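Here subunit A shows up in two complexes: once beside subunit B, once beside subunit C.
Up next, the complex of A and B:
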């Protein structure tokens, strides 16, 4: 630590950090634009100027950029003396800014507005012409209004350097510098949405939000957790007039940091969908028309099933909802609503996490890792935020090189120049080319079982007591050895795998490697991706029970309650058909109608994540609490509340259910720590969901009634559905959105962090439920070579946009999605005699279009999962036969141009080809 | 790429043998193919006169560079022409020394003679007029370049002669 004096005040600062970040850590109001806590400094905007004095006698000093300055022990600085320069810097920037705040979506949460006010530039003298630019159509997610640009370069540094996007650049120079694509077209990066938050002005904005725009201060918001995959990114959804308007990032140091993926950000349109189940319905017989019933009747009918019904839980419903169902039907009648294969895989993940000496890697851990093996998990499509983290991991080599020559870590441009194209080693074993191939040292394409064998061999090379593998080719052994060598040489080696390949051996092999990497107190990093927001929460509630969905369907039950689940996505269609037709009474609680719901004689409208409060457990076993953002219409209830009977007092506060789940989960007591307590108040008040500048409260309903209605009550406590309460300044884990005096944009976050860019003052949100296992090494048995199969060996292909059930029903996601298809090697396309517009008949399934991909091994077929037109669960045998479909016409939802593949030798160069 | 632009998007053209030959030669000077981006654009411009979208895509594909990145290079440098230019590109210096010695008059003279303003090309595609900041010949101001030849101590009469000569030699 160094002591410095700034305008007479003494601060203790970290000399390894830059002066700007350190002053922000001391909560000083020093303006800046181009510096970003996740991206370091480049010194391009000249906004963070301060005066540095050479010694005690120096009266003049010299002007330096704080973000490019290492604080010196004992040095003297002034922010005040550079005030005028900063105002002039803004004035100069503003000569090419349109001053269109009233019609700009950034208005009210604009970093440029805040900095302009802070710098003191309040009067415009320039009356010359301004440059104008063409705006591009960047696709369904991001709007573009280039005239507002202040050339801070944050966007291009984020999109290209940070997120690895290739279809975006800075063009031209001086007063006509331009940030955009080569040509109009949909941004290809899966992380494009972050542009809207990274850009300090209104150039890049959330296009989906634009259509239903509302100022930040008019949005009702709450701390929430993304429900779209198993990563569990923290989000702030915003509501106005009863509809969910947008999702922005909510900082969590250990999980998502500052960034989300586009599925999470743009995939919540289903909450407002016209297809929402917004009334409760029942019917007397299967073929009768459903009729609307009151919530009271609906609940009575549901609870009447107690004692006779089995319950099928859901990996996308909260812990509390699953717990309530389990309590209602009894432990023995509670079944996991996941496919049987997934049931086994998820139990395996839990077994590994609980019983192997490995370190479960958070995203923050992943970003520190310096040698990585990605094992059969297409993370960009299944757990996108992890893919973005891996893009940071491979940059660690640059940081190491910088450390060797004593270059500070915040020197972004210098470190990039130093590293050039050097990357920390990352290996990918996969059944097809993936979007991370561009950062991989080596990619090996093979079946999941083959990948597992290679991985088992790596474990054996690392630790000879791990089981060996025989029969690998020389090329495979060479790969095994280089993976082992790089992992061994690394300070923080990491294995990433997951359930999506549907291959148990992969998980075991991943566990063996992570175990083998353990050394003394250090354990190998392991991240196992799971499919859904609460996959692990559901499986932990099973508490070792073997009640799989398959067992449920064979249980002979005549009544069933299905929680937030379409069984047709979980089991072969024929099996579900026969199960459902054997039922006398089927109750389904869900948000959107689906085939299972259509077969039900009792349908209950259940609240989405945005309308309910609860807990999800993410891929690392981190339990995270989310608060309802708004109250849905009266007919819609949270599943948890629907399922509570008098045992809990019919309408219990949510923490009672959390407490019930806590008694079952490992380290369940930690769930109590997720909130400051149900009866928490600050200065006698709860936290507000609405901004203190929330407008229109008295007139919002004036077209209906001039009386201001009573504010909605939140029975669950902690937060009000109103402006009342302690403004969002005290505890960042229960605030509506970041805001601080003078800082209206999301940049205000540093005021809530211990040090700028670091952990929140309250610590990282969430509680990890798995203790680190410090026991002795133990091994899983290696797999033997697979027997030959007949037909094509199938493997699943996932799409970030479209494979997930709920987000797929959001308009913005649909614009980037496609219908179902199979992917084949061009040689097999020829072998099957497929012409350009032919379709493929898939055994046990429908006919679909095909995509030729050079990376796919001949004799194997990639089959899309979750996309409309195929049920992957129908393929229960290893190997499917494929035939040319008769009388084929490509369906309307087939959009090959939305599929971004990275196969070498695809139709256009540099991994940006689309095919079809 | 997106379906938004599928139908009208320009496609890479075939590079000529000469272009490929020259680019390959340049490649031997650099550690990465990507570093050749600017030189390759200059080569294309040498043969084509300017860099069309089709040419830019062709170079990007050939060097395995994202076209977006290459566009950043192409548009950063003023002397890479991303729009068609005339046979003779007139680069008239408008920087301090030449300005003091009356380049504004020369500009007016050229404009009225050829009927073009800065950034424009004559209807017969013979001349394009572009301002340039300092040719490094200030002691012989005012100056201009036409093609790769520099002309010094300019007067309207000398300009007439130069333009006539250019025309005569096609």
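Up next, the complex of A and C:
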């Protein structure tokens, strides 16, 4: 640590950091634009100017940019003396700014507004003509208003350098500089939504939010967790007039940091969907007409099933809801609502995490890793935020090179120039080309079983006590050796795999490699992706019980309660049909209409993540608490509350259910650390969900009744559905959204962090339920089951936009999604005699369009999962026969242009041809 | 003693003067007016009933920026932004609860487009409180109100129907991003 003096005040700073970051860490108000905690410094905006004095006698000093300066021990600086320069700099930045704050989506949370006020530029003196720019249509997610640009270069540094996008750049020169695509078109990166947060002004804005726009101060928000995949990114949803308006990133240094994927950000439209179940319905028999019933009757009917019904839990419902169901029906009657294959895989994940000496890698850990093996998981589509982290980890070679020549780590441009195109090794074993191939050292295309055999061999090379594999070709052995060499040479090697390839051997192989990489106290990093927000939470609640969905369907039960689940996505359609027809009473609790719900006698409207409070357990076993953002209409209640009987006092506060679940989970006592306690108050009050500038309180419901109702009460405690309570100040334990005096934008976050860009001062970053295993090395046998295949060998293909059940119902996601299809090698396309507009009849399933992809091995077929038109669960045999469909016409929802493939030399007309 | 007598005489004198003044008022014109048969003159900047005005082209001035709502000390303004097919912002609904309004005029001061204006009309009593909730249709007038010339979109850089990029006041035509020439 070094001591410096700034305007007479003495600060202790880290000399390895830049001066700007250190001053921000001390909560000083120093303006900046181009610096970003995740992206380092480039010194392009000239806003963070300070005066540096050579010694104590120096009265003049010299002007330096704080973000490009390493603090010197004992040095003297002044922020005040450079104030005038900063005002002038911003005055020239603003000469062409278009005078449209009132019609700008960024207004009120604009970093440019804040910095202009802070630097003291208040009156416009320039009366020359302003330069203007035409906008581009950047697709359904991001709006473009180039006139507002201040050329800080953050967007292009984020999109190209950080997120690895290829279809966005800086163009032209001087005051004509332009940031955009080569031509109009949808942004291809899966992380484009972050542009809206990265841009310090309103050039890139959230287009989905703009349609239902509200100012930041009018949004009721709460800390929440994304329900769209197993990563568990932290989000801040915002509500106004009873509908969910937008989702922005909520910082968690160990999980998502500053960035979200587009599915999480834009995929919450289903909360406001017309398909929402907003009334409770009941009917006496399957064919009777359903009639609306009151919440009280609905609950009575549901609880009447106690003792006779089995319960089917859900991987997308909260821990509390699953626990309440388990408590209602009893442990023996509680079944996991996941497909049987997934049931086995998830149990395997838990077994690996609990019993193997591996380090479960958080996203923060992943970003530190310097050699990576991705095993059969298309992370960009199944756990997108991890893909973004992997893109950072391959840059670690540059940081290593920089450290060797003593270049500070914040020197972003210098490190990039130094590294050029060198990347840390990343190997991908996959059944098809993936979106990460561009950063991979080597990609091996083969079936999941092939990948597993190669992976077992890698483990054996790394540690000869691991089981060996025979029968690999020379080319495969060469790959095995280079993977093993690179992993062994790395300081932080990482294996990424997951359940999505549906291959148990892959998980075992991944565990073997991670185990083999262990060395004394150092354990190999392992990240196993799981499909849904609470997949692991549900499986941990099973507590070793082997009650899979298949068993539930064979149990002969006459009554069933299905929690937030469409069984047709979990099992073959025929099996579900026969199960449902054998039931006398079926109760379904869910948010959206689906086939299982249509068969139910009792449908209960349950709240989504935005309307309920609960806990999710993510892919690394990290339990995270989310708070309801707003109160839904009276008929909708949280599943947890529906399922509670008198045992819990009928309407228990949520922490009672969390406590119940904690008694079952490993290290469950940690759950109570997730919140500051159910009866927490600050200065005698709860935390507000509404901003202190929240407007319209006395009029928003006045058209219905001029007499204002009592404020909504949150019986779960901690947060108010109002402005009452201690607002989002630096000391609040729970805060609705970051705000600090003078800092209205999300850049105010540093005021809440221990050091700028670091851990939050308050709040929880989740609790990891799995202990670090320090046991001896143990191995899974290198057994790969391979059934004889007739026809094409199928493998699943996932889509970030469309494969997940709920987000697929969001309008914005639908604009980027497509209907179901199969992907084939061009040779197979020719063999099947398919013309350009033909369809393929899939055995046990419907007819769908096809996509020719060169990366797919001949004889195999990629089958889309979750997209409308196919049920992957119907693929029960080891092979599938394909035929040309008769009288085929492509369905309306088939939008091949939305499928971005990265196959080299693909015969497909789609993909990267749009760059102009 | 003398002082005391002087004071008493002064008081008597003062009361006689007052009586005389009151007496002379019998012959003067009355200050009160026969409202409502006779309407008083209200000054143009009186802060009375709130209206929404239109710009000189006859389009709605309000761009739904929400600044009036946030400035309102009693939180009695609520609105929702929407936009037309050419990107012009306007309020989908605009509601004021006049039973809460304190006629402070902060909304008018906050308005960046001169859309919301307070008028000299003060006759806003209602028998039913619900009738004091006014919607946009009730407030939107067909003229420019007090500010005749201001047209926000003629100055702002955002393109709307009938005004493209570079066509606002003091703007250069859009740049050619494929050129590197100065």
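One rule holds for everything that comes next: the second predicted complex is superposed on the first by the 896 of 916 C-alpha atoms of A that agree within 3 Å, B and C clash if a C-alpha of one lies under 4 Å from a C-alpha of the other, contacts with A are read in each partner's own complex, and residues count from 1 in each chain.
Here, a contact is a pair of C-beta atoms (placed from the backbone, for glycine too) under 8 Å apart; a residue touches a chain by one contact, two chains touch by 3 or more.
Quick caveat: nothing in here was measured; it's all calculated off a predicted structure.
In the superposed model, A:172 makes contact with both subunit B and subunit C. When the two structures are aligned on the shared chain, A:185 is found in touch with subunit B, with no touch to subunit C.
Contact with subunit B, but none with subunit C, is seen for A:421 once the two complexes are overlaid on the shared chain. Of the two partner chains, subunit B is the only one touched by A:139; subunit C is not.
When the two complexes are overlaid on their common chain A, residue A:755 makes contact with neither subunit B nor subunit C.
Put subunit B and subunit C next to each other and count what each touches on subunit A; the higher total goes to C.
By the touch criterion defined above, A:898 reaches subunit B but does not reach subunit C.
Annotation: subunit A residues 171-173, 178 touch subunit B in one complex and subunit C in the other. On the side of subunit B, the complex with subunit A involves touching residues 1-6, 9-10, 32, 53, 56, 60-61, 64-69, 71-72, 75-76. Within the complex, the subunit C residues that touch subunit A are 63-67, 69-70, 72, 74-83, 89, 95-97, 99-100, 112-113, 129-130, 132-133, 135, 152, 155-159, 165-166, 168, 170-180, 182. By the touch criterion given at the top, residues 137, 139, 160, 166-173, 178, 181-186, 188, 421, 895, 897-898, 908-910, 912, 914 of subunit A touch subunit B in their complex.
If you check the complex, the residues on subunit A that touch subunit C are 98-104, 107-108, 127-135, 145, 147-148, 171-174, 176, 178, 180, 210-215, 217-218, 241, 693-700, 702-703, 705-707.
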